[in-house]
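Below are two complexes that have chain A in common, paired first with chain B and then with chain C.
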Partner chain A sequence: MSIQNTQTGTEETTTIQQKVLENKRPAAIWAVGMLVLVGLEFGRITGWVVTAGGVAALIFDLFVSLPAIIGSNVGGVFGFAGDFVATGVRLVTTVAVALLLLAIPAGTVRRLLPVSPAKELRPEMPVNIRLLVDRAIVTLGLFVAALLIVLTPVGGAVDSIIAAIQSLFDSAASVQTLTSRETIPNQGYESPSGSGWEGTFMGLSPALAWALRVTVIYLYATLLVFWIWKGYTTYRQHYREADWTPLDDSIDRFRGHKWGLFGLAVVFAFLVLAIWAPVMGPTTIEANHYEPYSNEFQYLGDSGDVQSTFHGTANIQSRSNGDSNVGPMSYDDYGRWAPFGTNADGKDLFTFLAFGARTSLVIGLVTIGLSGMFALILALVSSYYKGIIDLVAVMGSDTVQSIPALLLILMLMVTLREFEHPIVGIYDGGILLAFILAFTYWPGLWRSIRGPTLQVSESEWIDAAKSYGQKPSVIMRKHMAPYVLAYMLIYASLILGTIIITTAALSFLGIGIGAPTPEWGRMIESGRGYISTQSWHISTIPGIMIVFVVIGFNALGDAIRDAIDIEADISGESATGGAA
Partner chain B sequence: MSQEIAHSERQRDEDVLIQVRDLKTYYGSEQLIGGRPVKAVDGVNFEISRGETLGLVGESGCGKTTLGRTLLQLETPTAGEIRFDGTDITTLRGYELKEWRRNAQMVFQDPDSSLNQRMTVGEIVREPLDVYEWKTPQQRRQRVRELLDTVGLKREHYYRYPHQFSGGQRQRVGIARTLTLEPEFIVLDEPVSALDVSVQAEVINLLERLQDEFGLTYLFIAHDLSVVRHISDRVAVMYLGNIMEIGPTEELFTDPANPYTRSLLSAIPAPDPTSQKERVHLRGTPPNPRYPPSGCPFRTRCPVRIRPEEYEQLDEEIWDSLNRLEEILEERRRSRGAVDRFREKVGLDTRYATAAEIREELFEPLAVPDQVESVLDDVSAEIEAGDEMAAIEVLQAEFRTVCGSEKPSHHTVSDSGRTSYCHRHRDEHRDPKTAFEERT
Partner chain C sequence: MSRWRYFGLRLLLTIPILFLAMTLVFMITRMGPLDPVTAILGPEASGGASEDIRQRLGLDLPLWRQYIDFMVGLLTFDLGQAWVAAQRGTPVTALIAERAPRTIWLGLWAIMLPIFIGVPLGFYAGLRSNTFGDWIASFLGIVWQAMPNFWLGIMLLAVLRQTRPGNQFDFLPDWYELGPTTESLLGTPDLSFIAIDWFLLVPIPTMFDFFGFLTALKQITPAALVLGSALMVSEMRIGRTAVLEQVNANYVETAKAKGLKGRTIVWKHIFRNASIPLVPVLMSEISILIGGSVIIEVVFGINGIGQLFYQAVLQGDLPVAGSLAFVFAVITLFFNVLQDLLYTLIDPRVGFEQ
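Take a look at the complex of A and B:
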């Protein structure tokens, strides 16, 4: 059955590019707006890219260092011949890791090739074997290319190009932006002549200058989010082929969800606080918190002249410990503005809390990311194959759940800290805590999404996909994951709140994140003795913030649940009534 | 008889597309803790010629869907072979299986569940082409639009989602998807039973048109007999995993040979209300396929079951009650656990009715002949003793015939090669038709 239809040709398959070319205006307006927005914060955004690149490089390094670790371990076993064996093993594993890493992009490269190398060699080769052979050939090709680069002078050239790009990025990242501290400085001293302030933005008082900067940051972030949303609506209105998608309904429902919008607002405020933490505080975290005795500032002395002193010295005079106090919305004796007051060490509380938000966010995201990813993959695999795999998953999760989480955290935190394991160094145990939490959270997550995943796996569209030979991995990704992802989103936002509380609680107990990394729970703990004094703010403010953030995430989760209407989604509520 | 089968086989041999031999699909036998498997398909034989439509009917749970899914290798058969164009597809693995899958596709009952609602219609229909990396993406999109056209949808429906369509249109999408790979064979699993009556005819007409246009071979699974009669060339009637009767449609509908077919057909109202055809009621529900009856699978419900000589004239209702009694005893024997046995031993009440209660319920208003009465007394004694097995044996010793002790064979009952699975086609018994006339 071949259907010839040449007269219609290909004109009905318009691509998105064609659509944009036909109707340029909305896209152009949006693009210009986006360019301006990105341009305003170019330095900061480049900074994020550099950080992301750094993290990726770290993970890559971990893989690349595997052969060396394996090599030396194996070598150690073989005694005197160890060195020789180690070199051999290292070589073999290096090649293996390199091939594995190169096989990942090979799939994409293969698709881009105009010809199939295997088909050129043996035209009669069956399709799936051909694809495999193609990929192997491409991988080998990439490997040879990589070898040539590394072993010839080209390698040096490539290295210096990469280094040049890197330094370009680094200098771009240091460009002043709209929200930079330098753009709207808030630190200064009262001019001896009494005519206002020196060093602050347009001579405003530090309080006003700081408030202005924070307002600008939030305005900018709101505008950015709005513009991204605007981009989506522009696409939806002018360029999308489908005039309706299931997602549209969910978005409309979410927009009408007041409680959810409140949650979104709180979460947004928290995210902006965490992301822009370095410019949020009235002072920098380095000067005020990490290295108070290496950073000087100027102030108007009692004798009427401008003096300079270390932050550390000034902090001692600005303590809030019940006896002396620098409360919220006040200046200390050195003319330093403290929006949330100072803590018992005389350090600025707001600066600390802004970075604390960052810590919570990183730990929350790492935990959710790791445990969610694992739970999702496990749920997909176990409900697709069922039987013995499902059983093993059930037993595995039961085993993990039977371990008392608190005990596990205590044990690992204490022992690894004792041995000064390098992982404890990151965020003063924060990343380690995130890993442990991820390990203890995945069974719960997996159990929550197991039911829905099993339900989706019974859908007939999966049988249909099997009947035309779709690969299991694609079936899981395309026909199951989208439905489970909705549940993941809900549980992720609920659990994110829990993780923030847990982290704070553990730090409060002294087994979570250690000093000096800013963390809300530790601040609550340190101010706990002053609750009944005039320095009540040290514990109270971070406490209220935690409550708000957790409520916000919960409200967001609720709203997503209502918006997605998942039950209807899987069972297909609009069934035309069917006989079994 | 065997000659006839050989003859009809030779006739069709050259254009047979699918040949099924002793196919069995059991469920649950792979359980970790040993258990009796559900015999969803229990040894079926048939063939389908190229371009033919074979209707497959039966009550729900009779294994017809499992049979269809096994033919497509969506279930792994326990035993037997399926020859497709001469190749035994049950032995295919990996790449060979994937390549074969292009030849056979399935239309599912419920378009709501068989179409992924997160994908556009275009993506859904296109997916099989993507799987086989057919030509270029551009050509794939083109082909999908043509297919939408072919099944009576609009080309611009490519970017719509299933939710935006009516049930009938959604089923058309499902049909378009099965056509993408140009298969030879399509299993239609109750393709219209989830649709409004008004659109059923349209979809049936579409299926017939496509069959003519592309020379498709259909296995049409349904429980709506009138639809099957309309579309099928031949019909197979299935009961508890067995094919009871198989043969050309009109012949089978106008003159059913097998008692089950006869009961099934008379269970639907005749299209002609003036017809004087007798109505036979299909009593009760099919037995649990995990514990199929011994001998003929239909014997627990068969209105014309062969009876022992001396009970030939026994009242119909008493027979029903005797059948029920055996079923109850069987159930009790299976469900009786260690706890019950212990409770009995120590003289505690069990959750079971006493023999007297059972007899009262089953036989109370009936005039039971003495001969039967005395057998029932023996049965009661065994029940009181707590030995259901012995009670069943007593019952069977008295009332069991070939229907309960032996599996029937497939008797050829007409020149067209129609076969029926029933002892009554043996010379020593009256044939089902005569028996029906006598008993009703």
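Take a look at the complex of A and C:
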């Protein structure tokens, strides 16, 4: 914004920094509030940063592992000379991948350079070529620097510095926070003297302590969202350049949309459940689900003394399989609180479902992210250039859609899970499933935004930008994409429901996410045999949760559509839900 | 572009799309990491047996040769043989012929719901928008649409099972004794109540047993209800929106001013225009019906094509799965063309530009 202002220079405009300096109070109040909120959950937020770093490292590793895969594949084709060719190909692809990866930060580094190397060499070079050459030179420079670091003792020093930073973050991530299990513990045993509970928060019963912690989590999350919203309104009221933007009207419409607000509330509850999953359950998932035989807990034995046993041993006595039953909102024989009862293995259902929410969310986000990005780029390119590219896109999407979605996903899942690649192992096939879902659902997304994108590409401002000499990539990014993004948002919300249902359905069929990763559909399947018995809750509760979450996302999508007030020709409800 | 030329173009496009779909199936079944031979014989297959199967499946040929054989095989409807233990050696076409009637029986009753209940209900709700009835219909529609089919099926089975006297839901009529007595809720409907002879592509029923018909209908009802209900709801919601849009259109004002009777306006103008957006939805539902039939047939234990596909996929019998996927692709593409044709006939406005 500031650059534009200095360029036009005709109006008396101020940057946001200047505005904040002129009127410090509202910004300061907001910043202090935000600091307090972040401080309360400092450990957890650091943990999120660490996780994000881990994901980034994983993606980086994926790229880095490409040369090895390509090398071995190419080597296989060449037979006798395979080893030699493979080594060569691997070397070449390693350098190529490294250069490509370095080209990304090179753009930023180039902007920071005081001089332009290309301009020094050949001043008459056109601007756009000069920028490319500059970037290439910077990339090469970075490559040489990286080689020097890796091949000399400096590499070891850098490694140890990174390790030190990592351990710093890790220790920060383990700091106790407001919503930690340690702050409001709910696991304890009835005191032998009969005067309440030992080990729980203020001697409350485990049920109350658990309810208190869940309430605190939701209160904190609500406050956080409210404060971020407050930050936006503060910005709008005190610091924004324009008095009014179209977004204000959309937000006002959304706030009056009762159905949409209900959807937002449900989606919010789902997100908080997924994000705070480790502290949501009455027990930890490690102790209860993954490693029940390496975690002990204490309980009040029949003889009136405190004994300790493994979770796994206790689980056997707490099964809900028709004969014995630990129903919703009840304790098992060991004084462990089970808000949603236990499953047929005696494990706590709520803990499992909280992590199942996390699985669904990750799959949904990965799917939407990948297919949405692909659909958006394809829609922009195909509607900008039209002609043959559009035709190819039509044919590609029709091809994928010609095979019924569920069947295609089933086939792909069964074959691709045989791949011996680390990705297949993450979430027991969850990420692989997300990739497959993205491949299956991009045609739908692309189709739904194709109309609006074509419409934008015909508008006058695109013509104006073209005649002004703007680059196609910039036109697509700056003048077309923002308009289409609104449509994407609607569809993303509507299709998320479908993704959640499909994931559950596949896991129900035994082809989606395998054990032990918690997943709602698999829990429905495992409780299927007990549904006519007293242990009806195992299949019923996850199903109801799916229904709620899907309703929430659908309502949110409807509300966004109404709020943005675009032509009602998006029949988003058209046959998205029922597939599975 | 005239609309018939547009239709011709769409028709022409179907051919490369079918080829691409077949290629996709080939890539999944033959080039993927899942080895059909290991799937058939298990991981510790001996050299001789696996070589034999490799040869009989044509897997020892170079890839381009396999591709040509595969394409020619599919196009001549020589769909290969099943390799799953139970049906080893049975041609896939025979398997399909045996099981297809059950799936068609299921789909037939399932599609009744959206057409004969969903659409009229949606039109009704649209005409009486913002009344209590409309509100109830919309609300139920939203909830219904969010329910996964497999879960709905399980729940329905649980409720029906408990309609036996002395159980939780025995205030409902006993499902087992309602109409023809049934032994089990699960299972394949017996379709032998009708015998059909083919006379030059015209089916002529030679025998019809009404009681058998009722039994088969009762057997399929829960499954068809679940499979059709999701489609019914989406039809209802779209029908409602479509009618609402037409009711507020200017031409309705004009028709009223002209003195047309309300009934004429509704039946001749509103309903006709409102059915245009329903056409593509109904057609796209064919694909959803096929996908849904897999899950429904598994939940309700019906031995149809969906179940066959599921078993084939589960046991790694990719030749069967691939052939079935091809058949489904042909069906989907046929309905796509049909949809374009209907569109061209009903809606004069459709053109390539849109």
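In this text, the second predicted complex is superposed on the first by the 511 of 580 C-alpha atoms of A that agree within 3 Å, B and C clash if a C-alpha of one lies under 4 Å from a C-alpha of the other, contacts with A are read in each partner's own complex, and residues count from 1 in each chain.
What we mean here is this: a residue touches a chain if its C-beta (ideal position, glycine included) is under 8 Å from a C-beta of that chain, and two chains touch if they have at least 3 such contacts.
What you see is a predicted model, and the numbers here were worked out from it, not measured in a lab.
Novice: Given the touch rule stated above, what does A:Leu148 touch, chain B (first), chain C (second), both, or neither?
Specialist: A:Leu148 sits against neither chain B nor chain C.
Novice: Check the residue A:Val95 against both partner chains and state whether it touches chain B (first), chain C (second), both, or neither.
Specialist: After superposing on A, A:Val95 lies clear of both chain B and chain C.
Novice: When the two structures are overlaid on chain A, which partner does A:Phe419 contact: first (chain B), second (chain C), both, or neither?
Specialist: second
Novice: Per the contact definition in the header, classify A:Tyr483: touching chain B only (first), chain C only (second), both, or neither.
Specialist: After superposing on A, A:Tyr483 lies in contact with chain B but is clear of chain C.
Novice: Once the shared chain is lined up, is A:Val392 touching chain B (first), chain C (second), both, or neither of them?
Specialist: neither
Novice: With the two complexes superposed on chain A, say which partner A:Thr245 touches: chain B (first), chain C (second), both, or neither.
Specialist: first
Novice: With both structures placed on chain A, which of the two partners, chain B or chain C, ends up touching more residues of chain A?
Specialist: More residues of chain A are touched by C.
Novice: Is A:Ala465 touching the first partner chain B, the second partner chain C, both, or neither of them?
Specialist: Touch status of A:Ala465: first partner only.
Novice: According to the stated criteria, A:Thr540 is in contact with first (chain B), second (chain C), both, or neither; which is it?
Specialist: second
Novice: Under the contact rule defined above, give the chain A residues that sit at the interface with chain B and also at the interface with chain C.
Specialist: 574-580.
Novice: Contact residues on chain A for chain C in the complex?
Specialist: 394-396, 398-408, 410-412, 414-416, 418-420, 451, 497, 501, 504-505, 508-511, 521, 524, 528, 531-532, 536, 539-540, 543, 546-548, 550-551, 554-555, 568, 571, 573-580
Novice: Under the definition above, what is the set of chain C residues touching chain A in their complex?
Specialist: 13, 16-18, 20-21, 24-25, 28-29, 32-34, 142-143, 145-151, 154-155, 157-158, 161-162, 230-231, 233-234, 237-238, 241, 245, 277, 280-281, 284-285, 287-288, 290-292, 294-295, 298, 309-310, 313-314, 316, 318, 321-322, 324-325, 328-329, 332-333, 336, 354
Novice: Spell out the part of chain A that touches chain B in their complex, as residue ranges.
Specialist: So the residues of chain A touching chain B come out as 1-3, 5, 8, 10, 12-13, 126-129, 131, 241-246, 387, 459-461, 463-471, 474, 478-479, 482-483, 569, 572, 574-580.
Novice: Quick check: in the complex, which residue numbers of chain B touch chain A?
Specialist: Checking each residue of chain B against chain A gives 30, 60, 69, 72, 74, 95, 97-99, 101-102, 104-106, 108-110, 112-120, 127-128, 131-133, 138, 141-143, 145-147, 149-150, 155-156, 158-161, 163-164, 167, 174, 177, 179-182, 190, 193-196, 213-214, 223.
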